[in-house]
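Pasting the structures here.
The two complexes that follow have chain A in common; it is paired with chain B in the first and with chain C in the second.
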Partner chain A sequence: MHISCNKDELVYGVQVVSRAVSNKNTQPILSGILLTAENNKLTFCATDSEIAVECAVDVEVIEAGSLVVPGRYFTEMVKRLPSGEINLKSEDNLGLTITYDQSEFFINGFSADEFPSLPEIDENVQGRISQGLLKKIIRQTSIAASNDESRPIFTGTLMEIIDDRITLVTTDTHRLSVRKAFWQGNTDEEKISVIIPTKTMVEISRIISDEEEPITVIVGNNQVCFNIGTITFFSRLIEGQYPSYRHVIPDSSRCRSKVRIKTKRLLEATERASLLVRDELKEKVSLIKLNAQDDVLKITSYAPEIGKIYEEMNIFLEGEPMEISFNSRYLLDALKSVDSEEIYMELTGSLSPGIIRPVENDDYIYLILPVRTD
Partner chain B sequence: MGKIDILDPLTANQIAAGEVVERPVSVVKELVENSIDSGSTRIKITLRDGGKERIQVSDNGSGMSKEDLAVAVLRHATSKIKSIYDLNNLATLGFRGEALASIGAVSKMTIASRTENSTVGYALQVIGGVRSDPEEIGCPAGTEITVDDLFFNTPARKKFLRSASTELSSISDLIGRIAMSRPDIAFELLHENRTLIKTPGNNNLDQVVFNIYGSEVLKNMKRISHKHFPYITGLISLPQLTRASRHYYSFFLNGRLIRSQELAEAVEEAYHTRIPQKRYPIVIIYLELSPELFDVNVHPAKLEVKFRDIGTIKDALIKSINSVLNNPLVSIPEIRVRSRKKSIESLQQEIFKEKDKDIFFEMPNVYYINNTNVKGQLKEEKAHDGGEAFQEINVQNMSQENSGDSSFISSLKVLGQIEGTYIIASGPQGLYIIDQHAAHERIRYEKIRKSFQKQPSASSLLAVPITIELTPEQSIWLVDNIIYFADIGFVLEHFGQNTFLLRGVPRWNLEGNSQELLLDLLEKLGSGSGNSVMEIISEEKLFSLACKSAVKGNSFLTEADINFLLEQLKLVKNPYTCPHGRPIFIILTPEEIKRRFLRS
Partner chain C sequence: MELSQALREMEEKVEEILAEIQTLRRHVHQLEEQNEYLRARLYAEKIQGEGFENLVRLYDEGYHVCPVHFARARKEDCLFCMSFLSKENKEHGEV
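On to the complex of A and B.
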């Protein structure tokens, strides 16, 4: 293998795939990056057997070939190279010589044959969605996923595809986030639903841009694949049955109090109230009580050893007065991710789930379970 | 002809033998108890092949006359009760009159016995339940029973005997405990001509413990006593001496070895947080109760006892253990030099010197022949090696004066800190080394505990309930305690059979796995530690909270910090150990320092 390229191209490729480089030592080959040079393209590839990322950049290929280089050393070295033309050359599978200016750096490598081949997707459905929109809906849902590995289902994001609608759902059982969006897809099946590790979703949202440019999503039986031109991202799916989230969402006809609130005002009040955390008991979340009556929302929080807070704000209340307690963090997450100047809070009782959604539409629903105090 | 027959006496005895005579150790137990009941002051047990081949128990007790001997081996022959009414006032160990008949039914047994008043003794043999007539023989006063070839006529039972070493270890454990129950009797256990246990029988419990558990254990044991009803005496281990199992609990009720879950719980409650988790103390506890306050006829093995008023007894036991452990000099381990190699006798002397004065039992001392020799030797030894013994006495005396409070902390003068981890102070007993993390952990623990128990417990409700499947046993514990689980924030719903839905979790455990917490709690409830859900939960949670929030090792404290820490330490209930049972203080005594500098 022998190529000539620019430093920036190398850095770009290395940074895209480095997130998939395994840092566990069980399979040393997985700590490497596979470099493949052909057709005037250099392809970078890394996998930790959970996700796999492939990225191609334009280079001048003098001699085609492939090699695996140790991920960490290669990445750190590439970042520190001087700008300008760089030559990568490997005579055999023993290592790679990086030549820059009048200098050279040699690093040991592994044979490309040892590197696992990327999964082949048995395609069930393929569709396109704008990168900016996908980024947003991942942000709105990933917050509600669980980190508790003992129940893997809840660490995942449910992706449901029905006709031209794609829905992402997450829950850690304390709150539930449901985000619907349109996409352009083709499927013969009535409904596709898969569970994707939320970590994967977050990684993808980091790679993609805020632009309108589309990203292609391919869903297979055991894998999902995202493709934006030069970058391909594979991830395994989480096996299992996602709980039926629709049953959890109270029917809007049963809603007894519908409160229209200015998002920023409530967010700021909640942030202040969140400070009253019982530090002594190492709680990370404060308890916040909302009381809606006569177009006024009272917000209180009380921690015996620290202090208390009382705030009032004007709201628009349809229906009965209502009092409900929430864990402040869950409420904060909702208010931060709703992306709307005003929200509706729909309540059906102080022990029933409360719903937060933007006033403009029903595309986003964030449901919080209350705290029972007595 | 009818199908139902009355069993012939031989068969009946063989069946009944199963109840009393299961293994060699049960034979030893029955025979030794008989010897004790006959007023012996010396009992010698000789074994061959772990007791499988031969068990011989000889004593110097009252012995049996020719007539008694003839009927002794009959079923329900007993000298201990005359009628059912006597059962309530039982003061002897055996009473059912089954032992000799049962043993005779399954072995080749020889009994030789002579009363003190008679010039000749008599012997008879019982082989597989068939009894010979008593014959005249010459023998010392007392009784000697030899049991050969146990289970020779019941091959099935013989097959199930465990290895000789297993049998031997249960027998030596049993004799050890019986010897502790009666320090006034000299016991000797021999196996294949090797002496395993030999106690002097001079009514000194310390010497018994020394012979059974060794000098290191004895050094770390302390007396307890409860001087009014219920009467409790005994020896308990200091927090620095622990064992990995409850095996070293010995409870004696009126001299009878008993097993009691309730008493074990009381011991563990008293030691709770003083010793590391999953470690257990060594305790030897004597209870004196009048016979109408308990019932022992629960099982022929006679180990389990039912108490009429267990609450009072437990309270008294906990109180007497606490009063010893709360003593600062008991609870603060001392640094010692490893003693130079000494003969057993000199060690023994060293240990007994200080304790000899107390007479543990108010029974007359029994003269023990070997003791004279030992004592003679000792006097010489002592002359050579007197210094250490005296230091021991000093420490002991001081510990008695300075009973249980944390006022010594006020008199500590802080000298500094080493390694950013230990505080060095001088105080009444010498140089105090204080583990700052352990000290702070204890302070935090007691504070958090208070605040935690005050807080109302809110439940964070779940969008998707968690289905929990329990074992039938667990679900009983859960249902029994469901109110308490609700109190600490679990919202549970019965979902049929042993399945429950968890609809809400304690808010304070939001970050943790509440399902695991629930199962853990059930596990602990089921293990019968006797603690309530609230107690268990606060322990679980508080241990880790206290540990995390406490000042770590390797952090440098100013003098003000240290003084503040000690000030707070003064206010806690137990300033000697951290919640995990590790020590907070250790002491380097002036004597020890002197010794290290080789100044004598």
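On to the complex of A and C.
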């Protein structure tokens, strides 16, 4: 293999795939990045068995070939190379010589034959969605997923596809986030329902841009694949049945208090109130009590060892006065991601889940269980 | 020589410990299986006969009553338990 390219292209390719490089020592080959040079393209590929990422950049291929280089060393070296033209040359599978200016760096490598081949997707459905929208809906849902690996299903994001609607759902069983969006796709099946690891979704959102340019999503039986231009991202799916989340959402006819609030104002107040939690008691939640009455929302939080806070803000209240306490972190997550100037908070009782949603539409619903304060 | 003797002894100890770990692993596996079986049985019994009050008590004592995690310990309230109890509660008044 022998290629000539620009430093920026190398850095781009390496950065895209580096998150898929495995940190585990069980399979040393997976700690490497597979470089393949052909047809004036250099393709980078990395996988940790959970996800696999492939990215191609334009280069001048002098001699086609492939080689696996140690991911961590190669990434760090490439970032530190001087700007300008770089030459990569490998005469056998023993290593790669990187030539820049009048200098060179040699790094040991592995044979490309040892690198696992990328999964083949048994395609069930394929569709397109704008990158910016996908990024946003991942941000709005990833917050409510669980980190508890002993319950794998809840670490995942449920992706439901019915006709031209795509719905992402996450829950850690204390809160639930549901985001609907339109996509351009077609499926023969009535409904597609798969669970994608939320970590994968977050990685995807890091790679994609805020632009309208579409990303292609291909859902298979065991894998999902995202395709953006020259980048292909594979991920395994989480096996199992996602619990029926629709039953958990209170029926809007049971709503007893509907509060319309300015998001920024409530977010700032909640941020101040959430300071009242001691560091040494990280497991203890910071509680925030909301009291809605006569178009005024009173916010209080009290930590005996530190102090207390009291704030008031104007709201529009439809229905009964209501007092309810939330874990401030759960509330903050919702307010930061709702992306709307004003929200509705719909409450059916001080012990029933509260719903937060944008005033403009029902595309996003965030459900939080209140904290019992008795 | 003393060093090789010490190394041999250490190797033997490590092997013993590894064997012990294997035995413990088998026990843990058996206990986990038994636990799953008992959880399933308890769930079936609770659902069939003893009724709503027992479920509420179980939940209040700090255990899940939702089908997904039935009888597992819980720290915070669970959306699925609450929804399950509220569904069951329709004939029993407010929770």
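Heads up, the rule we're going with is that the second predicted complex is superposed on the first by the 367 of 374 C-alpha atoms of A that agree within 3 Å, B and C clash if a C-alpha of one lies under 4 Å from a C-alpha of the other, contacts with A are read in each partner's own complex, and residues count from 1 in each chain.
To be clear about the criterion, contacts are C-beta pairs under 8 Å (C-beta built on N, C-alpha and C of every residue); 3 or more make two chains touch, one makes a residue touch a chain.
These numbers come from a predicted model, not from an experiment.
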| item | value |
| --- | --- |
| First (chain B), second (chain C), both or neither touched by A:109 | neither |
| Partner chain(s) touched by A:248 [first = chain B, second = chain C, both, neither] | both |
| Touching partner for A:373 - first (chain B), second (chain C), both, neither | first |
| Of chain B and chain C, the chain that contacts the larger number of chain A residues | B |
| Which of chain B and chain C A:354 touches, first, second, both or neither | neither |
| Which superposed partner A:148 touches (first chain B, second chain C, both, neither) | first |
| Contacts of A:175 with chain B and chain C, given as first, second, both or neither | both |
| Partner chain(s) touched by A:325 [first = chain B, second = chain C, both, neither] | first |
| Which superposed partner A:70 touches (first chain B, second chain C, both, neither) | neither |
| Touching both chain C and chain B, counted on chain A across the two superposed complexes | 171, 173-176, 243, 248, 327, 351, 353, 367, 369-372 |
| Residues on chain A engaged by chain C in the complex (per definition of touch) | 151, 153, 171, 173-176, 243, 247-248, 327, 351-353, 367, 369-372 |
| Chain B-touching residues of chain A, taken from the complex the two chains share | 148, 150, 171, 173-176, 243, 248, 278, 280-285, 287, 304-305, 325, 327, 351, 353, 367, 369-374 |
| Parts of chain C lying in touch with chain A, wherever the complex brings them together | 66-69, 76-80, 82-83, 86-87, 95 |
| Touching residues on chain B, where the partner in the complex is chain A | 447-448, 451-452, 454-456, 458-464, 466, 491, 504, 507-508, 510-511, 513, 516, 541, 545, 548-549 |
